[in-house]
Amino acid sequence: MKKRVIGIAALVAAFALAAFVLTGCGGSSSSASASASASGESAAASAEASGGVFRTLDEIKDSGKIIIGVFSDKHPFGYVDEGGEYAGYDVELANRLAKDLGVEVEYVSTEAANRVEYLETGKVDVILANFTVTAERAEKVDFCDAYMNVALGVVSHKDNVITDLSQIGEGDEVIVITGTTAETYLTENNPEIALKKFETYANAKTAFENKEGVAWANDNTEVIAFANGAEGFTVGIEELGSLDTIAPAVSKGNTELLEWINEDMEKLGAEKFFHAAYEKTLLEVYGADYEDTLVVEPGQK
Amino acid sequence: MANEGVLRIEKLRKQFGDNVVIDGLDLTVQPGEVVVVIGPSGCGKSTLLRCINGLEEIQGGRILLDDDEVDGRSKNIAQIRQRLGMVFQSYDLFPHKTIIENVTLSPIVVQKRPKDEAIAEGEALLERVGLLDKRDDYPRQLSGGQKQRVTIARALAMKPEIMLLDEITAALDPEMVHEVLDVILDLAREGKTMIIVTHEMSFARAVADRVIFLEGGRIVEEGIPEQFFTNPKTERARAFLHTFEFAAVRSHVAQED
Amino acid sequence: MELLGLDVLFKGSNAMRLLQGLGVAVEISVISVVISLVLGMLFGVFMTWKNPVARVISRIYLEIVRIMPQLVLLFIVFFGATRALNINISAELSSIIVFSFWGVGEMGDLVRGSLESIPVHQYESAAALGMTKGQIYYHVVIPQAVRRLIPMSINLVTRMIKTTSLILMIGVVEVMKVGQQIIEANRMASPNAVFGIYGTILLLYFLVCWPISMLARHLEKKWSN
C-alpha cells in the first residue's frame, strides 16, 4: 500500500514537471515561431481587467498592437504574398485601421469555421475575413458597417444571355455546386428549375465550358471571376436573392471599439478608400465593371 | 557446505479461493538432503515449491529457513530468495541477454560481486553444465535442454543453500531429459540440498534421499526410495506408482529358426 | 516546371516560408513526442496497476483520447479553456498540450501492452534470483518491453508528425497552411501550383519521417541478433 502511495505521488510530480516544461517551452516557442501565428500575449490576456472577454479600445492602444483575424489563403481578399506579407482587400482595411489607431497590427490566420470562436474567446480584437453578415452570427458577434456587397450571380453563354430566371425554359438545366448557397436558394425559391449538380468547382467549370447547362449559379464574386477569365461568357444576373454584406466584426459588447471602427470607416468612405482598395486588390480578378456592384463606401449613399 | 540452513515447514496451508491446495503440511529438510516430491497432478507439489520461495501468499502455518521466515510480502524476501535457487519447468532465460549475462546478472546486480569474479564463476558453471562454448549466444539459439542447463547454472551462480527444482524436464523433448537430469545427479553427488518435484520416477529413485508422496495437499507417505518404490505402504501410493506401468497386451515368444 | 507547378516555389521567399512552416510543425511534434515518450512510460506502468481506481482513471483517459478527434481537442484547449476558465493559452502551447495528451494516452497503452506481453515467468524467474521489484523492472522487464515497443511507438511518432497539419485550424501557420497560402495566392497565375506545392510538402514530410523509420529498423535489426 505504502509503495502505491509513493507511486501515485511520483506520477503527480511527473505531471507537474511536465506542466512546468510545457509552460517553459510554450513561452519560448511562441516568440520564436512564425510571426503570423497567434502569440501567447493575445487579446484575452487582459480580458479579466475589462470584465469582458474582449480588450477595450484603450487596452489595445496601451498595448501598442491590435490583433486582427484574417484569411491567409483566400486570394484576393486575405492572403499571404510571396514575400510572406499579408495582403488583399480585407487586409487593406485592416492595415488602415491599425494605422489610424496608431498601433501595430498582428495578424492571426483564421479559417471560415472558427471566426466566431476567435471573437467569442477574445483571442482577436477584430475579424476581417470576408465575414458575411447574417442574423445568426449577429447573435454572437457585433458587426461594424459593411464594406462590400455579396449576392448570388448567374453566368450564361454570350449567345444566350440569361438576365432573368424566367428565361430558363423547361428543358434547360442550371449548373450548381453541391453545398453552396446557390443550390439552397434555387431549390427553395425556384423548384421548377432543373439543376445539374457538381461536387467540385473544377468539374462544374469544365462542364459549363463544354456547353452543359444554360447557366451557372454561384456567389457573384465567383461567377464574375469566371466570366472575366474565360471567353464567351457573361454574368447576366449580378445579384440574385437577398443582398448580403461583408463587414468587420468585434466581440459581442465591445461597443467602444465598434463605434471607433464605424467612425473611422465613415471617414474612409468619404475619401473613397474602398474603391482604391478594390482597384489595388480586386480589379485584376473582377474587372472595373463590377466595382460599384461590389464595393460599399460606409456612410455614402 | 558448512553453514547451510535447515528448512522447516510447519502446518503450511495454501488455498486458491475455496480450493485448499496445501492442507497443514509439515516438512523439515536437513542440509545435504535431497527430497523428491511426487504425486498426481494437482496434488500441490508445485505450489509447495512456490510457497517455499515466497512466490505464493500462504493462508496458514509458516516456512522457516533457519530462523528467518519466508514471506513473499516481507521486506527481506529478496535476501532470502538468494539462499534458495529455483528452477522452473518453463526454462525462462532472459531473452535479451547472452548466456553468460544470464548467469552473471544476479550475482552482479543483486549480490554486488565484482564483475570479473562473477564472470569467472559463471564460466566455471557453464563449463560444468557443458555449455561454455555457448557463452556469448542468445537463449533463442539454444535447444530446450541446453536452456534448462543454463537455468540451473544461473540458479547455482547465486550460491544458494537449497535448490528448488519444479518439474524441470516436463517441458523438454524426451531425448533432452537425460542431459538435464545428469546435471542434477551430479549436484546430488556433491551433497547439494535439493527439493525436487518430478514425474521421472527412475530419476527420483536414483537421486532421492527421501521420497515424499503428496496427494490432496497432504503428505500421504514418505520414505527412502528403495522402500517407497518397491514396497509402498499405502494403497494410494501403490495406485499412483501403478499408473507409470503398462501391462503387456500381447505376448511374444522369441522365435528361433 | 510550370506544368508541375514548381515555379511558385521560387517566387519571392516561398521556399523559405515552406521550410519555416515545416520548422513549426517539427518543433511542435518534437516537444510533444518527447513529453509523450517520457510521461507515456509512466502512464503505461500506472495502467498495469491492479488498483480499481487506477484502472478506472486510465480507462477513462484512454477512451477520451481514442474517441475525441484531435481537432475537437484542439478547439477545446485553445478556445474552450478561454471560454470556461478564462485562461488564454497560445495556439502553439495548445497544440503541444493536445498532442501530448494524445501521445501520453496512446504511448501509455503501448507501454502497458508491451509490459503485459512479458510473460509472468520472467518476473518470477527474476524474483527467484533474489531481485527486488526495481531490479526486475530495470534489468529484465523494461529492456524487453522497450524492444517490443520500438516499432509501435515509431508508428505513433510519425502519425503525430503528420497530424500536426491540423493545428492550422487554430491559427498556427505550419507547412500545410503555408502551402495553402502559396497555392491560393497563385490560383490565377499558376493553377498547377497545387500539384507542385502538395508534392513538395509530401516530400518534406517524407524527409522528416524517413530517418525515424530508418532508426527504428536499425534498432530492430540490432536487437533481433
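We call the chains A, B and C, going by the order they appear; numbering starts again at 1 in every chain.
Everything below uses one rule, namely that a contact is a pair of C-beta atoms (placed from the backbone, for glycine too) under 8 Å apart; a residue touches a chain by one contact, two chains touch by 3 or more.
Model, not experiment: these values are computed from the prediction.
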Exercise for review: Work out which chains are contact partners of both chain B and chain C.
Suggested key: none
Practice item. Report the pair of chains linked by the most C-beta pairs in contact. Key: A-C
Study note, to complete from the structure: Using only protein Cα atoms, the chain sitting most centrally is C
Exercise for review: Farthest from chain A by Cα centre, which chain is it? Let me know.
Suggested key: B
Exercise for review: Can you check how far apart chain B and chain C are, centre to centre, with Cα atoms defining each centre and the answer in Å?
Suggested key: 49
Review point. Which whole number of Å gives the spacing of the CA centres of chain A and chain B?
Key: 79
Revision key, fill the gap. Distance in whole angstrom between the CA centres of chain A and chain C is 32
Review point. Which residues of chain C touch chain B in the complex?
Key: 119, 121-122, 124-132, 135, 139-140, 143-144, 147, 223, 225
Exercise for review: Mind listing the chain C positions that touch chain A in their complex?
Suggested key: 8, 11-14, 17, 20-21, 24, 27-28, 31, 35, 38-39, 42-43, 46, 49, 51, 75, 78-79, 82-83, 86, 88-93, 96-97, 100, 168-173, 177-178, 180-188
Study note, to complete from the structure: chain A contacts chain C in the complex at 4, 7, 10-11, 14-15, 18, 21-23, 25-26, 29-30, 32-34, 36-40, 42, 44-45, 47-48, 53, 69, 72-75, 79-84, 108-111, 113-114, 117-118, 120-123, 229, 284-285
Point to revise | Footprint of chain C on chain B - complex, ascending | key: 53, 55, 78-79, 81-82, 84-86, 88, 90, 92-96, 105-106, 109-111, 138, 151, 154-155, 158
